[in-house]
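Below: a set of structures, written as structure tokens.
Presented sequentially are two complexes of chain A, the first with chain B as partner and the second with chain C.
Presenting the complex of A and B:
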């Protein structure tokens, strides 16, 4: 049984112009890396600010290590935040920035110095003590912001799109470093991003958020392979969403053709949407029956090839395949489309 | 990119520079020169170099006036700071709409001459003025309050006239302050007052310094507030210069002016030493 370190129970937040958070309930386990993933405006940052105590929820409770902290101010919570724009204090050098929280706690000067030095060592910034934030690069500021928060050894570290301002290459590198750091410290991370690839790469669990609610909560594999809603299916990865009718628990009908699919929990005759990942679509020259379509476009994209196939319903299906295995489909060819039944997820339309 | 032609810049600056040289520079040189000449009641001064004008200023009466006008200005500055800084800070925190309304309210008095506005206060505060009238009618007081010709009233007048010069730089500094820095400090364990001391105050010091300077300097010399609200009981250097004018002792007046100039120069020097920028003094 995993130990719950942070629990959100029915959190609502209303800024007076409609609900930003409609109902957020979430259990975060000790030592896990959990990501709140969603488009901008879905309430991720507000959720984080509620956890930090920077925003008071309109309703609901926040508890940390079993204690209700809803009414505690931010300085009384063992939670620290890495802000989106880093929020380094511009009038303090690196040492002062990292030591800020320790100084407030009345830690002895010599101890602070030692901790700050260790932190800079760990984050590969040795000798940067006296630099001012304005003299640092984006990646360095990022590290200082992380150091400033983790030096206080919080129960939970909150990270608000910490890599958003970095360029792609540095971002990949920092993703790895952050993940390593989290494992090394054994610290609980609540991470915010709108980048689904980042979320899939780094997280133990992902909470997909939409319009102030958690749409789906699960492991990256759950979210990717078994999306629960059309929104999750469409937001994560590249997917084909195909309208279909449920025939029985093992098949659906698409364009009048019976196609095998796992439809547990659906009733016959129900309208649903089949989420089919673009890289899971296979096609072959149409010989007999099955779901067929006409090849409309072919694009060579280096490692992969993108093929657009139009179904008889007029919907385009995108198939992404490895470009090494050459196939001789050409524009205008009629092809049969197939996939392994467990590679497609059936979801209810909204 | 084409390199800027420095000579062109000089040509463009020339009219402004000329204006400054003629109307500020030359008159200042003239005043400084006159302050070292011997006074002559009939002619104003004679061409005879002397330091006696400055020696006269060492007279305890003059020193006391100089000191009292400095303390008066200091008092007004502290009051302005106490009211104006929080006002400017909170104003920067309000919504955009509220902010522009407040800004207009703040600017509106400038459309009327300060002398006239102070005259208005004089009428309001008089023994048989509207304030006393209303309070008596309401039965809250038996005797009219003696509000005019008090030291406090003069300070009030100075604060009233000069407070926009404290609010505006405070507001500008507070507006530039990144809100997330306050959040970060709270998040890292700072209580509200600790956040104020360690983050807000140091990052708005430029506004405080500029505001203090902009209030203190005019407060030393604003003579008409002492005249109208203080009834001449209190005098500052500005009043003194005006009074000496009656004796037609031009060199003495000049020397007083030079002393005032030196005080202001010293303040500007201290301001720059404390890290103040001249651009922060541009509030409008």
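Presenting the complex of A and C:
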């Protein structure tokens, strides 16, 4: 049984220009790495600010370790934030920045120094105590911002697109480090990003957000393999969305062809959308019936090969396959498309 | 080729002319403060002396008293306007960033800076009639109140400019780390706007020391400020002591500019 450390219950937020958050309910378990993923403007930063206490929800409750903290100011919550642009205090050196929270708690000077030194050691910034933030690189500022928050040992650490300002290589490296750090500390992380790859890489669970609502909540595998909605399917990974009609619980009809699919929970005759990941599409020379299409384009893309196949309905299906040992289909060939039934997810259209 | 050379020689000449035009009169005052010639409006430099400075410091003509009045006035109006202007600017900046900038807030902001545009003669008159109605006697209190009033907008504008450049996330980060509103102000906002406060204070002192028109309306019998004193004594010609006094004031002005430059350098170093 996992212990809930943070609970959002029916959070709404209205800035007077329409709802930013329509209805957010979420349970965060102790020690997990949960990511709020969504396009910009979906309300993920607002959700984080509500948790931190920097924004007051219009309705709903926030509880932390079973205690209602909705009406507590940010300084009375055992939650700390790593801000998007780090928000390091420009007039304090690294040591003072990291030690600021401890100083506010009245920790003894010598103890603060020791903790700050340990932090810098752990984040591979030894000897940087006296540097000013302006003398640090982006990656180093990032580490200081993280150190400043985790040194207080919060129940929950909130991270608002912390890697957004870093270049790709550094981003990858910091992803690894953050994940390791989180495991090492056993701390609960609520992480915000709009980068689906980052989310899939790092999270224990992902909450996909859209227009102020949580669209789907689940493990990265759930989200990727079994998207619940067209939005999730389209937002995460590269996918083909194919309109179809449900025939029975085990098959759907696409372009007049019966195709096996897992349609539990759907009723016969219902219109639905089949989400088919591009790398799960297989095709072979069309010998007998089945779903067929004409190869329109072939692109060599290094490790993979991209093939565009047009169905009789006129829809293009993108298939991405390993380029080594590839087939010899040519443009204009008629091919039969197939996939394992559990590699495609049936979702309701919106 | 010739044209280019001409162009090259014109700009330094022009600059020199401007500088001479600006500083020659000032230089004359300083030079004549050391002139041995005791005549009013002297035209000949007859020899070097420090007599006028000695005279000045002995306070034989009451210039020293006038300077003391001006400094006291400058001190109080600077202190009050810095407090009022800073609090106003910080509060206003917060309102603006929180997206609650409604019509009233914007109007209030504009009204605060409007006195800069009102002619001083009108302000002076207005203060005089208001203090008369309020029963406040002309003198130091009236002077401090009026000088504070016209100094506040300068402090307000300078500090607000600095506040606008502050990342609101800094205050939020401090709250997040456990600081209450008061600690956010003393630990984060105040140190970061300090250079602006110093600049505002310097400007307030300079404006107060310099003011003549408003002080004319409000000074009492025993509170003659330095500009008033100087004006009344030069009506009969420039005495050598006046030159010495003006040189002292120039020295003070350069000192103030030097301090504010240093504060400015500190501010730039913070930003870099």
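In the analysis below, the second predicted complex is superposed on the first by the 350 of 350 C-alpha atoms of A that agree within 3 Å, B and C clash if a C-alpha of one lies under 4 Å from a C-alpha of the other, contacts with A are read in each partner's own complex, and residues count from 1 in each chain.
Going forward, contacts are C-beta pairs under 8 Å (C-beta built on N, C-alpha and C of every residue); 3 or more make two chains touch, one makes a residue touch a chain.
All of these numbers come straight from a predicted model, not from anything done at the bench.
In the three-chain model built by superposing on chain A, chain B clashes with chain C.
In the overlay built on the shared chain, the residue A:15 is in contact with chain C alone; chain B does not reach it. Touch criterion met: A:134 reaches chain C, while chain B stays clear of it.
Of the two partner chains placed by the overlay, neither chain B nor chain C lies in contact with A:57.
Under the contact criterion defined above, the residues of chain A that touch both chain B in one complex and chain C in the other are 52-54, 73-75, 79-81, 83-85, 87, 89-91, 100-101, 104-105, 148-149, 152. Touching chain B in their complex are the following residues of chain A: 49, 52-54, 73-75, 79-81, 83-85, 87, 89-91, 100-101, 104-105, 148-149, 152.
Residue ranges of chain A in contact with chain C, taken from their complex: 15, 52-54, 73-75, 79-81, 83-85, 87-91, 100-101, 104-105, 134, 148-149, 152. Of all residues in chain C, only 99, 167, 169-170, 172-180, 183, 187-188, 191-192, 270-272 touch chain A in the complex they form. Within the complex, the chain B residues that touch chain A are 178, 180-181, 183-191, 194, 198-199, 202-203.
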